[in-house]
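Consider the two complexes below, in which chain A is the common component and chain B and chain C are the respective partners.
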Partner chain A sequence: MSNPYKTSFFSPRRVIIIASSTVTQLVRMKVFYFLAPVALLFVGLQFFDNLFYQGPETMVPEQQLRMHKNLCLGTMMFFTSLFAIVFTALIIPSDIEDRTLYTILCKPVPRLDYLAGKLLGVLSVLFIAMLVMDLLLVITLHYRAATVSADLGRYLTAMNFSEIEVARGQAEVARHGPTLLLQYGVLAHFGKACVLAAVALLISTFSTSTLFTIASGFMIWIIGSFQSVARDGIFNAAEYGEAPGLADRILGTLISLIFPDFQLFEAIADASARAQEILLDDMLKLGGLTLLYVGIYTVLSWFVFSDKEF
Partner chain B sequence: MNDVAAVEVHRLVKDFKGPFRGKKVRAVDEVSLRIAPGEVYGLIGPNGSGKSTTMKAVLGLVRPTSGNCTIFGRDSLKVDSRNDVGFLPENPYFYKHLTAAETVKFYGKLCGMRGRELRNRAEEMLELVGLQDARDRRLRGFSKGMLQRIGLAQALVQDPRLVILDEPTAGVDPAGSRQIRDLILNLKSRGITVFLCSHLLEQVQEICDRVGIMHEGALVNEGRLDDLISMHDRTEIVLENASEELLDQIRTLVEVTHDVNLVSEGNPRTTLESLFLKETANKRVRKSQKRLSK
Partner chain C sequence: MSFKTLRNLIVVACGITGTGYLRMPVEQQLTGELRERKAIPPPIPLETWGQMGQTSLAGVLGGLRSVMASTLSLAAQKSFEEKEWYDLKKQYEIITALDPYNSFYWDHGGWHLAYNAASWARTNDELSPIRRQFLEREFLEAGDAFYHKGLTLLPKNANLWSEVGRLWSNPHKRPDLARAAEAYKMAAKYGNSFYKRSYLYILARIPGREIEALDIAAQMLIENRRHLSTPTFRCLLFCLSTNPDLPENALKVKLGEVFVDKEQAYKDLYNYRPRVQNEGYYGGELDKVLKSLIEELKVPDHLNPFVPGSKPRIYDHNWRREVDQPKILRPKTFPGLPGQE
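Let's turn to the complex of A and B:
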């Protein structure tokens, strides 16, 4: 009797099965242990801040909170980007080396499902890690903001400021606390990590070693962070009296076509740390850009992987 | 009656590119074979003879340079064809973080199974391979034989019509090896087609209906095991209670001697091992003669 199960071109259910197995794999590899030093760092920063903070008379209160946010968001960005590359780089080569891939691809599993499942698994782990770090940031920032706000209130009252002025000062402090703006910054870092994971997925489909994938992933991370500066330098050279040559223009175009541009991600994260206004439109653009990059790199990975022989 | 072959390999050629645009290496050269449903087919050959590449082409893991492979009439490069296949690779490794039961369920889910059907099937498979006591143990601590058995369980989870086994008893102790052999015989009795590669010629001889011998990428001999190992230029007479004198005159006397029972008459057999060595040696001699004549 023929097997009754039909294989569709793409099955979200199969993608979720592979993704949940990847999550279990990473969780049982104890990858979340890195959250312990992160938690220690976030809490430690509190003491560090207290050590150098002599009160509102020596430092603008918002600056104190901005410093805390910058350090915490920087830590989150570093860990999520690092793990986006490392986790993804580890997963496919290890499946090939262990021949686990043989047994998976010999079941009715389209290669796109396998790749999408692996990527979704890594992104889910990153999302959980980001969520925990975000929670830690919100808690520590909440206490820090409360301390700074109370100090400021006491200081301004002592300086005979009116109640309205005290309230205005404290509202400014609250704006630098755990607000929705802060979450935009966290989302920007998560979006960047998603793009880096998709880039690492693409590299791992043709690379023969984990080390190469990780090294290339880091290179792309760096290039992506600075490509807008390089591109501006090339294309806007005329403004400084120097017309870009053909080779420069080709190089600039190639860089912008091949590598992701992290400028928008960093601009939003930066604005979030400074508690500057971020438009919903910008966030939608960021979401669209993330989906576009992840989609393009996943489809490219599929093109490479679909013809790969094992 | 089903005329569709379980596996059909038609003039399969597979070339691998050499490094830095070097010379192409032909791993499989015009191989054609047909495995009927319910048959146990063994592919044997020395290391590097192209057995594994042929198997991978049948599984769609490598793309033929020319020729094609089908599984129950469906192109093996199409994902759909794998609904009917269970595969056990040589020295299989699975996700070490999963338990035995989780592993079988994982592969079952990939085949579209779910719910009670999946749970029952996973338990049934663990029982079949004798691993029900180790169902909650992670594979990290499994022996080679246990991994081989869990490999068989995952290969069979979706009740495939074809099972492909690459060196199923490699590195397994004699008891485990016998257990796997019994499992293959059990599959055969259930009408499941088995396509296996093995270096253990005795085992192949014991369980296969038909055998193909590969050497340097080509299928040098193929056929029913009984036919292949029969020596057609000789006749074997098995007698009961025959004296020494009688044996000397047996050819002339057997028809007229009434107190001797002729139990059976047939072709004496060589071993599959001898045939294998002869075939591969002949090919080597032919190749060196060809080289000398150039």
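Let's turn to the complex of A and C:
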């Protein structure tokens, strides 16, 4: 006969409960206040134009939209990556400090559930923040694209362009508006934030200081942006001239193996801001990589955390 | 370090490198695919790293390449205002290294060098005439090189090609129409009808390429008859088809096929004539046609281009009034000067 009091190895319900309490904990830390200046920035960008151009005949109307998207997506990436590291780095020490951790762990809650719940809570907060910023981006970009498209239509008609050419010009502007492609960019930034949060979780399980976790998280963020350069050196030595020496190859291999590659996330977000084609297949591969990163970092965090004494 | 910590570190290191070994080929393959489709920009050149300031470096390190490019392009405005041309060139080199697939930066960098810097050099009284010429030439070529550098990455960008064409056909620079025609040809290949018209206009200014120009005009007309709504196109098509050297099978249009009526033909051709005289557009039998129209329409002297003192341009809304109430042209007198009434 099975023991009704036996605790299951992993329970999604427990994870969700811990995640919701983490969301409450972070909301009480007033983390969403940063959305106010972000909203102001996004709306303010509506009135911000390129300072100069040669004249209407050479104007590149989509450049205004590109700049809008670049700045908005960049802001979204910066804040989500920053908060992914800081929130995760704060969350376990904060539980220890206010003794919530002891209350949770003295109950039959497996440590994997606790860690997964904490990570899910942080990711939920980041997701909500991302959603609000995305909504702001879509609204502001929609209005800006409509204005730019109308201006272009008037100009091309006045210049005697055929209706087909006017429609083609306006379609080009519409490609730079709020499209599914843009959402791919937002998703790529969210994926990057998820990986950073998982990295910070892993570090915080063996680190004794919040500051160390945050600093290490930032270092991994920076190295991750350049990890692909090291990997390229191993795979495509000839492309960059002289083949690297043994020491360079070992170092390159170690960097590529240890650090996550953030360039892929950034490249997809940049390509979406340029309205360049991104395939669903690319997004699926990126999603798979994100899950792999988050999964392995969470499992390793659990391994370190499983026999940690408090 | 305790045994437990060491064990944890070894397990974590093995776990990370093990998954790294699995994911590395997938990441490399995806990077290769994205790079092939130009979604991933080429690596930043080593010399550009050295030129970057701390802020840009921090931004780039954080993965904000295109954002940094946007903000640096705004900051470059300061160098333009202060006429620090070499700084400006350096800034645009950084900007284009950060966001190489954005044609706007190539366009602007080239424009600053070929137009603003070159004009500054030409009109700078503080420099000796030789130095002025040398500097102007240097900036013009630097602008052209900048455009071409962008075109190696964006070879199908019609706007960048047309900028090269515009540069070498600008009468205030050092026009090289053959060079401009080559650039406009590429712009016409990848761009819309505006660029095709530009290509036609340049060809019509190069002596010896008039037949080629007429072929282009005929082809454009087949593609879209709306080109006829552009006065220069109308005049050019008509003048090119009056070329006595045209082969038998070439398109030869009559006045009535191009212009709505004779009055419209006269107004357009009258306005086109200065372009023939000043910019080298093809004239063909323009003067002969204008003279016959003057007789036929009984055009007053002040609207006759062969009479000194005639108006520089005829406007549609003034035409009827000016023909019905003709002014008498008199030579200008200056009271008080000896020998004048």
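Everything that follows uses one rule, which is that the second predicted complex is superposed on the first by the 283 of 310 C-alpha atoms of A that agree within 3 Å, B and C clash if a C-alpha of one lies under 4 Å from a C-alpha of the other, contacts with A are read in each partner's own complex, and residues count from 1 in each chain.
Quick note on the criterion: a residue touches a chain if its C-beta (ideal position, glycine included) is under 8 Å from a C-beta of that chain, and two chains touch if they have at least 3 such contacts.
All values reported here derive from a predicted model rather than from experimental measurement.
Peer 1: After the chain A overlay, clash or fit between chain B and chain C?
Peer 2: fit
Peer 1: Would you check which partner chain A:W221 touches, where first means chain B only, second means chain C only, and both and neither mean what they say?
Peer 2: A:W221 sits against chain C, while chain B stays out of touch.
Peer 1: Output check: A:I268 vs chain B and chain C. Expected answer is one of first, second, both, neither. What do you get?
Peer 2: After superposition on chain A, A:I268 lies in contact with chain C alone.
Peer 1: Check whether A:P108 is in contact with chain B, with chain C, with both or with neither, and answer first, second, both or neither.
Peer 2: first
Peer 1: For A:N70, using the defined touch cut-off, is the partner it touches chain B, chain C, both, or neither? Pick first, second, both or neither.
Peer 2: So A:N70 only meets chain C here.
Peer 1: Tell me which touches more residues of chain A here: chain C or chain B.
Peer 2: Higher number of touched chain A residues: C.
Peer 1: Could you look at A:F303 and tell me whether it touches chain B, chain C, both or neither (first, second, both, neither)?
Peer 2: second
Peer 1: Just checking: does A:D98 make contact with chain B only, chain C only, both, or neither of them? Give me first, second, both or neither.
Peer 2: The first partner, chain B, only.
Peer 1: Is A:S209 contacted by the first partner chain B, the second partner chain C, both or neither?
Peer 2: Neither chain B nor chain C is touched by A:S209.
Peer 1: Considering only C-alpha atoms, give the closest distance between chain B and chain C in the superposition, rounded to the nearest Å.
Peer 2: Least C-alpha distance after superposition: 5 Å.
Peer 1: Do chain B and chain C land on any of the same chain A residues, and which?
Peer 2: The overlap between the chain B and chain C interfaces on chain A comprises residues 307.
Peer 1: With touch defined as at the start, can you tell me which chain C residues reach chain A in the complex?
Peer 2: Against chain A, chain C makes touches at 4-5, 8-9, 11-13, 15-17, 19-24, 26-28, 30-31, 33-34, 37-41, 43, 60-67, 69-71, 74, 77, 80, 99, 101-104, 107-108, 111, 115, 159, 162-163, 166, 192-194, 224, 226, 229-230.
Peer 1: In their shared complex, at which residues does chain A touch chain C?
Peer 2: 51-52, 54, 57-58, 60, 63, 66-67, 70-71, 73-74, 77-78, 81, 159-162, 165, 168-169, 192, 202, 206, 221-222, 225-226, 228-229, 231-232, 235, 240, 254, 256-258, 261-268, 270-271, 273-274, 276-278, 282, 285-286, 288-289, 292-293, 296, 299-300, 303-304, 307
Peer 1: Along chain A, where are the residues that touch chain B in the complex?
Peer 2: So the residues of chain A touching chain B come out as 1-3, 5-7, 14, 17-18, 21, 24-25, 28-29, 98-100, 102-110, 307, 309-310.
Peer 1: How about chain B: which of its residues touch chain A in the complex?
Peer 2: Per the touch definition, chain B meets chain A at residues 56, 59-63, 72, 79-80, 82-89, 91-95, 97-98, 106-107, 109-113, 151, 154-155, 158-161, 164.
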